[in-house]
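A single structure is presented below for examination.
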């Protein structure tokens, strides 16, 4: 049996990888160590690039390979390396207790996943066009988006908020891949460039926050009111 | 075709013989990973033999429960073990409820063990029992969720049915709900068999004992029975994990060639799973007790996701 | 049309040049020259559009119709005026030591290189046809302006920049998702032709056939996303901080040109949605956010102690007004929207320039510290400030009164009585608050010696804008009016 040309195998593999991406996102919600968070994000981006490549292979859509490769290079390697270097310079490695405690926030993430499934199945009609691989991958994408949003609200360290922002981006990427085989190449280039610059900008800001406040706790940024 | 009686005997023999072997394998490879030589592969057999011949010291404050517990644990675990498909999809005994019966038989064994720990009246025993029951209570929802996921996939709670359904479907092991249920059950395996990061099976420090604390007062043949029972439980859970999710090599019926093939595949898969356990144990330190609920919560979420995925993915 | 290509490129080149320039003089000259040329090009471009309709380049990749030309022209003019002002303002800052010790040169370099990059991104927003490229450009404006907010390096600046970056980032992610959904909705109709499928002009043409549920979801996401950039409530919390911490010329550009660009993005999606679903669904949502923004700004305007934050809340109020106008729909309201956009740009930029003069002279942003009588201490600034404030809160016979009145008339005409009532109520609240505070600031006895003499860099741009403001209240040059009418026609589709 030729695995590489069997579309059913391909569909199962893509669905499986999408489920792993979701699990990684939830792991990011519950993870305390900053370095692990960054690595989870890198792993998630790596899986996303693989999903893109798999969809490209099984649907014979060659233009996604470039997007997959760029995502791999930028989001799975360059961004984690930049962020890890930043953590080295800042010397703060652990998250303080998030606003909602870990088990409860994981349960909330589960609830958000259900919401995402309801939203995703409401308008995605695979038989009328779009990518034909990965059952309900769109729902996984939306749930990554929602969970990233929740992470943004729940965490107090500046660095994890940056990671939450990046995982929002990941969710949109996955949604684009499974809805429309990705966005046009020039847009993809622009988006990745923006992501890179955003990481650098935010990194510098995080460094400055650390310098002036001696902590990365953004709930201490409260001097501007009214 | 071998009749039911022979099936029972064959599976009994397998359980009794292979359980200490698996424990020995895990201990050996843990040691090797830590660049020690480790005990030999057959050391558990020697330990059981030694304990069976030793004299016993029984606390004065113990009651009939103290004597009953080792037998109860051993026999109940064996009974549960007979209901798990080891070399063939057809299990020798099929009690009503299938996998639920297995789970609650194991629960019965744990119940006795906890009572036995309390019975001697020492504080260590009570400490161990209460911790054990806490972790079991947290692990049980996960166990149930994963079991139901698999049952839904297989169309019945009978383990033979589940194994047969798993053999029938191609790419069954790639379905997300199965993978997630496997991950959840792996975490439950760590909790139920008392492995790092939940419990350290090699420690006797008060702060870190759970399983060891419960059986601290036992010695001689009683201890041999309890230890053997614990390793049979470990084997049982591992076989469950393996044969329901990756049923390669499980033969559909009890024929000689089928059994031989099934045994070979079983050994290979057990070796793989044991290696995974060894890796997890070596890579992690023991978790503080109040962090264990978080690990169980992760397992719970995985289990819940698995169950939800059967309908949605 | 090479104008379309040159427009974003020239400021970009100036920005790169300023990165490596040696002297301050070189940076100042590069900025001023670039913006001057850009302004001229924008005028030429507008003329071209007026003459021959929408122009495009590279097979529809760059595209300018009346709406693009109008917003482009507004951006270019604000950039020019603010760059002239900035020369004087930053020189004064250097003199009074507002910059950190670690090198005035690098601070100046930051300003003079980031600002043209910022403006170039804004110009690209209006000229890009591809919705994805438009998104990339808007995100580019956020990234370019973050460091402008932290220019002074204070703790509060960093806090403001962080909020700006994060809230803006989250909002823009939502907008990206909306853009992807819009792309998907056109996918069935247009097939897998990748690049043209995200072109606005193509999508607008086929808008009737787009998938309705998807467009609905896309519009909601884009409203939340670009609304965050525009500062609509409840996503407005970054605005007061960013506007009060950024250097005044940057704040002026942020509050006028950047707001216009965010609204531009909203308007493009509104056109797609209303052509697909009818105007009720998007209109209702826009009305909701618009009135909410106006309402939220009222208490903060009434109880305000910092006049730069007062201006920021005022901007939120006006963003609400413009979004309300868009939501009311119909030809009158859309015309009023375009008029209001034009007037607001002039007035808001002017206000910030005046506020900058005041805050620099008194070295504080707080009403308490300045204590009133500015009109006696700084006569030129004081008069212009007071006049501009009266104009922007909608006093007749100034221009903004006309546009707000048109909006009200249109709202009543379309039957949105509750919205009209709330509009008037909130407008009155803002009127009272702003007049109270700024009046108190300006009038009364002065407690410092009067400033004599004209300070050319800082006061001439102010006076020029003030003159323009008064003039357009009474007379709009015909081409400008035609451009505004054309922009309104783009929205209403006829």
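For clarity, chains are labelled A, B and C in written order, and residue numbers in each chain start from 1.
Operating definition for what follows: a residue touches a chain if its C-beta (ideal position, glycine included) is under 8 Å from a C-beta of that chain, and two chains touch if they have at least 3 such contacts.
What you see is a predicted model; the values in this text were computed from it and never measured.
**Q** Listed by label, which chains are in contact with chain A and with chain B?
**A** Correct list: empty, since no chain touches both.
**Q** Suppose chain centres are the mean of their C-alpha atoms. Which chain sits farthest from chain A?
**A** Between chain A and every other chain, the largest centroid distance is to B.
**Q** Which integer distance in Å separates the CA centroid of chain A from that of chain B?
**A** A distance of 36 Å separates the two centres.
**Q** So what's the Cα centroid distance for chain A and chain C, whole Å?
**A** Spacing between the chain centres: roughly 32 Å.
**Q** In whole angstrom, how far does the Cα centroid of chain B sit from the Cα centroid of chain C?
**A** 66
**Q** Report the residues of chain B in contact with chain A in the complex, numbered from low to high.
**A** Touch list, chain B to chain A: 170-171, 174-176, 179-180, 183, 293-294, 297-298, 301-302, 304-305, 308-309, 312-313.
**Q** What part of chain C is in contact with chain A in the complex they form?
**A** Residues of chain C touching chain A: 130, 132-133, 135-136, 139-140, 143, 146-147, 150, 153, 155-156, 158-163, 165-166, 169-170, 173, 176-177, 180-181, 183-184, 187-188, 192, 194-195, 197-198, 211, 213-214, 217, 240-241, 244-245, 300, 303-306, 309.
**Q** Please name which positions on chain A make contact with chain B in the complex.
**A** Result: residues 8-9, 12-13, 15-16, 18-20, 22-23, 26-27, 30, 102-103, 106-107, 109-110, 113-114, 117, 135-136, 139 of chain A touch chain B.
**Q** Flag every residue of chain A that touches chain C in the complex, lowest number first.
**A** 63, 119, 122-123, 128-130, 145, 149, 152, 158, 161, 165, 168-169, 171-172, 175-176, 179-181, 183-187, 190-191, 193-194, 197-198, 201-202, 204-205, 208-209, 212-213, 218, 221-224, 226
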